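As written, the chains take the letters A, B, C, D, E, F, G and H, and residue 1 is the first residue of each chain.
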Amino acid sequence: MSQTVIVNGRPIATTSINLAALLEDQGYGAARVATALNGVFVPAQQRATTAINAGDTVEIVSARQGG
Amino acid sequence: MNVRDDRVETTPHLMLYGSAVTSRLLMGTAGYPSPAILSTAVAAAGVEVITVSLRRETAGDHRGARFFDFLNGLGVRLLPNTAGCRTAREAITTAQMARELFATDWIKLEVIGNDDTLQPDVFGLVEAADVLCRDGFKVFPYTTEDLSVAERLQRAGCSVIMPWGAPIGTGRGLMHRRALESLRGYFPDVVLVVDAGLGAPSHACEAMEIGFDAVLLNTAIAQAGDPAAMAAAFGEAVRAGRRAFDAGLMPPRDMAVPSTPVAGTPFFELDPKP
Amino acid sequence: MNVRDDRVETTPHLMLYGSAVTSRLLMGTAGYPSPAILSTAVAAAGVEVITVSLRRETAGDHRGARFFDFLNGLGVRLLPNTAGCRTAREAITTAQMARELFATDWIKLEVIGNDDTLQPDVFGLVEAADVLCRDGFKVFPYTTEDLSVAERLQRAGCSVIMPWGAPIGTGRGLMHRRALESLRGYFPDVVLVVDAGLGAPSHACEAMEIGFDAVLLNTAIAQAGDPAAMAAAFGEAVRAGRRAFDAGLMPPRDMAVPSTPVAGTPFFELDPKP
Amino acid sequence: MSQTVIVNGRPIATTSINLAALLEDQGYGAARVATALNGVFVPAQQRATTAINAGDTVEIVSARQGG
Amino acid sequence: MNVRDDRVETTPHLMLYGSAVTSRLLMGTAGYPSPAILSTAVAAAGVEVITVSLRRETAGDHRGARFFDFLNGLGVRLLPNTAGCRTAREAITTAQMARELFATDWIKLEVIGNDDTLQPDVFGLVEAADVLCRDGFKVFPYTTEDLSVAERLQRAGCSVIMPWGAPIGTGRGLMHRRALESLRGYFPDVVLVVDAGLGAPSHACEAMEIGFDAVLLNTAIAQAGDPAAMAAAFGEAVRAGRRAFDAGLMPPRDMAVPSTPVAGTPFFELDPKP
Amino acid sequence: MNVRDDRVETTPHLMLYGSAVTSRLLMGTAGYPSPAILSTAVAAAGVEVITVSLRRETAGDHRGARFFDFLNGLGVRLLPNTAGCRTAREAITTAQMARELFATDWIKLEVIGNDDTLQPDVFGLVEAADVLCRDGFKVFPYTTEDLSVAERLQRAGCSVIMPWGAPIGTGRGLMHRRALESLRGYFPDVVLVVDAGLGAPSHACEAMEIGFDAVLLNTAIAQAGDPAAMAAAFGEAVRAGRRAFDAGLMPPRDMAVPSTPVAGTPFFELDPKP
Amino acid sequence: MSQTVIVNGRPIATTSINLAALLEDQGYGAARVATALNGVFVPAQQRATTAINAGDTVEIVSARQGG
Amino acid sequence: MSQTVIVNGRPIATTSINLAALLEDQGYGAARVATALNGVFVPAQQRATTAINAGDTVEIVSARQGG
């Protein structure tokens, strides 16, 4: 069953049921990123146990230059 | 005069939440013409702490990974920021992501109240600082010159406070110098850093002369004609300002005073002024 | 922006009437707690040119001789002044005595118009500069920021011009910064030195940032709590300011501009600002 | 014959007839000084030929600290 | 140029929470040499709103009663303050007592964050404004130039906001002019009053020129050599500044521009400048 | 404080070379949208002295005649200028032509040293002032803030001296306020007028507050959105500033001082500040 | 029974049992004042029904000059 | 005999031999003007006795707005 979630501001269709699967599925693989679900931080070790539901908003961020 | 101002005890090292740092110039990493130039600038200034940010990563383009590789090569300490956050909640989550990603509990806390002035929203700032300090972060809050806000930040647990010099990116220097001096007087034991708004080494020098512990800046170096040379210039100016503060500056005077002694001046009897 | 301002060509050395000097900080010698401290300050700042004066000598007390011995030990170039002179005639005679006594044709020309403000009397100054240049002196005139006066000094033969920052001994910095910038723009080929009124290294740094060739000061170092450390601080600040001028400073802006890029900021859809 | 001249602002009585003699007479000996007579510079080598008259004003200066 | 700035619509009357007032000068009543002089000053300036305070009353000495009699004689509108309050709670209770005592729902809300600078505690201020607005008060908050704070005050229900010019009693004028201009731009529909820190009529005039709706001051009049004359001077200056704002001020320029036209100047061919 | 500064004696009238004038605002006549608007502005401000110039007349076009007719209708006193003159010689001849043409021995003496800054050439100015005063003119010299120059102008015979506020047409106000205050202190008996560079009524007010006798301006009124209203505003501001000077201004202070008395503040024991 | 309350910062002994009585007792009579009890405003019409207890803190204020 | 003089910056040919004649000749008639010859002021009453020579420079000015 595919559901729609917002990843980094864009709607995508996914069959992943948890955050770890979503990352794998979306091609982040072993990328060094940090994640938030619906505005709340999800530590890396909790991604596999964090369920994804339709309409969820996911942020996947990494390091950049900053001032 | 030859009087030293001992209000604020100075130490050879800058202590940032228990970590000793030698360079009192903290540097941003954004807006450089190239990573190579950024790298040269960091080296030229002898900077030991740089700020970084978090941004959305697109799968497969490895921008984050490349930047991590670059950072590893620099060998300096990272201070992640929450730039662009407009609420305490956004800033808190961003700080938590930063802690995991950069493996540091240091966070430069920005909660922006207005997109035009990029000024701190002091309410969101204090709220986020409160939560983050209790969560074990070492918070470096970007704030205004407001004394009451600084008190609340200190009470929240911040031992570093970073008031602005002028709005971010304007390069106007210490627009509210009196208020910054007042902050210094009220918080002799807090590490005070001027963050944002500095446009020239003389501005950084002035911040140190009034007893600030360090300065943090980005645009004035990144946008210089020759960023590495400008970084070196800021490094020197910060050292000069600190040294001057330690050496005891003369107070400004209203009346002129001859530097060359008057006694023994020839011709005092001749040639009365027409 | 990354634009360099090439209006004024910069050179690694400061050329003073054909003599190359590395340090762009010129230092007065009056008012130090002791000759030893003066000596340490000169060394700490790496100063190569110092100002001296002429005063009445009492027979048998050998003050002049002792000061000459001291000066020999410093090994720096001397720039005698005409401090205290109130007319062109006094200044001219003093310059002539200085040339014989110090065996140099360099003269820092001061004609004081007012005992309270110690401001230059620009009429006496131009008159004396005219006579002295024709008599073969290398004149370093202490003047105001007045453009028309500077034109007359240049026409008289001065290739170094030294406007004040603020009244002597006040330590107020560049009180008329705009006018000094204007001078710099009008006289790209004249060596411009800010002389007098600087109170802090940030002031000296600022003078260099706007393209001045050097600064000359006395009181802010001599009256510091620790003159040698302050001299070092001024030396660093002057180098920083020169380096920044060469590196191309960012122009000040009216509006804030984020240093950290906005693109990719997390949470842009969530949590609209309350 | 003694005459009165002003040396460095003070009246003194002297029998010297030229500036070199005056310096010697007043105890300046070999001191490294510069001189002016009545507001006009007198080079060292002209002191012996520069006559002193009653009422003249003489400046005898040496090196000092200056700003 | 002859351009009018129409950003902020101007009206002949100042509307304070629905009440029309003609004079844009609001005046404090403390520190006058005598009630008679205060009374003359109020009349001389044509002031229509004055501030008053609450203080502890000793039984039997009738100071309150005498001051009420005096106020009745003035025939002007009262704006009670919460001067001296250091917490939202104190300020709220004081406001409630003031409402009963002076029979007005107007309150000048002060919550002081620091006894030395007498600066507003913006946290206590917003908290108290929120409670008082919901309780039906017409709140005139004394605040800083902070934009985010002003936003919160407006959201709380304040349609008048009163940022400081400088710390109370210092007479330093508009220390943060740029920030005040920014406030004006962001809040075209809020009545903005500069409250505190003005020392001279030129300061009041400047506040009006940048589009503020009114000024409130006390010390500069009360402590003047001749308070009534000074009140008249402030009244004139406020009118002048308002009139100038309405008439459209020329913008400052960097370069000089001849006022007398150049065309037709005699001697243009003769006498080339030497 | 309630102290009056009696350094400079004030009189109800401004005395200009023996002529009593009530309005302390002198106005230029150039650059107005139309003669009608100029006329309305003169009336609105209550101006009694206006400046005029001389320009080449083409035969048959009667511009001069029409302007004379216009001036007759105004019924105010004329102060011809030497605007555009670059040497003493040009200025002297222009003054002589003006005396015949306008039938007045008053002359606003301008000798311009630089076409970009329009600054006075102080050498040409003093030379021309000297000649003209001996020739019976009543000279109103436009000069810088230089004290030594002012001394020479006074010695030449000027009993009115007019230093600039800022370069002509820039509208920047009193750029060198300290120097102007110093001038006032040195010349208690000279009529001092700030001429040029004022952009807003607050600038004119400030000039009067520091004890100047009058102000002269043109561009800020002529280029206003509504020149007549702006003229009225300047008129009011000048009166306000003069009145304030007479009334005795409070001196600025470094520390805040409560205006509302602290004694009797309720709640002092309750609710200690958190 | 007398009890001690703090009136305008000073301890006093009183037998009044409500705020209206206290004001009368302390000599305020018909004075135009406003009141607070333990930091909370007490409207004039509620003074008679507002009990006073030992240790209470009472503020009694009137109009003054202010800035 | 016509000669060339500079009037208000422009060369003109004229047969006038004095300044008054030149003004008349050039059409200034009774205009209210002031005059200078070669940079020197010439009062109105001296115009008739002020000779004009080839190459002379004449200024003829009147009233204008000024700052």
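Assume a contact is a pair of C-beta atoms (placed from the backbone, for glycine too) under 8 Å apart; a residue touches a chain by one contact, two chains touch by 3 or more.
None of these values were measured; they are calculated from a predicted model.
Counting only chains that touch, the fewest steps needed to get from chain E to chain F is 1. Counting C-beta pairs in contact across E-G and across F-G shows that the higher total falls to E-G.
If you average the Cα atoms of chain B and of chain C, the two centres end up 29 Å apart. Separating the CA-averaged centres of chain D and chain F is a span of 53 Å. Averaging C-alpha coordinates per chain places the centre of chain A 61 Å away from that of chain C.
The distance from the centre of chain A to the centre of chain B, each centre being the mean of the chain's C-alpha atoms, comes to 35 Å.
Listed for chain E are residues 28, 30-31, 53-56, 81, 83, 89-90, 93, 97, 117, 119, 168, 196, 218-219, 258-261, 264, 266-267, 270-271, each touching two or more other chains. Among all residues of chain A, those that touch two or more other chains are 8-9, 36, 39, 59, 61, 64-67.
Listed in rising order, the residues of chain C touching chain F in the complex are 113-114, 117, 119-123, 126, 144, 146-149, 151-152, 175-176, 178, 182, 186.
Those residues of chain D whose C-beta lies close enough to touch chain B in the complex are 6, 8-9, 36, 38-39, 57, 59, 61, 64-67. Of all residues in chain D, only 8-9, 26-28, 31-36, 39-41, 43-44, 59-67 touch chain C in the complex they form.
On chain C, the positions that touch chain A within their shared complex are 258-261, 264, 266-271. On the chain F side of its complex with chain E, the touching residues are 1-5, 28, 30-31, 33, 53-56, 81, 83-87, 89-90, 93-94, 97, 116-119, 167-172, 196, 199-203, 205-206, 209, 218-220, 222-227, 229-230, 232-237, 239-241, 243-244, 246-267, 270-271, 273-274.
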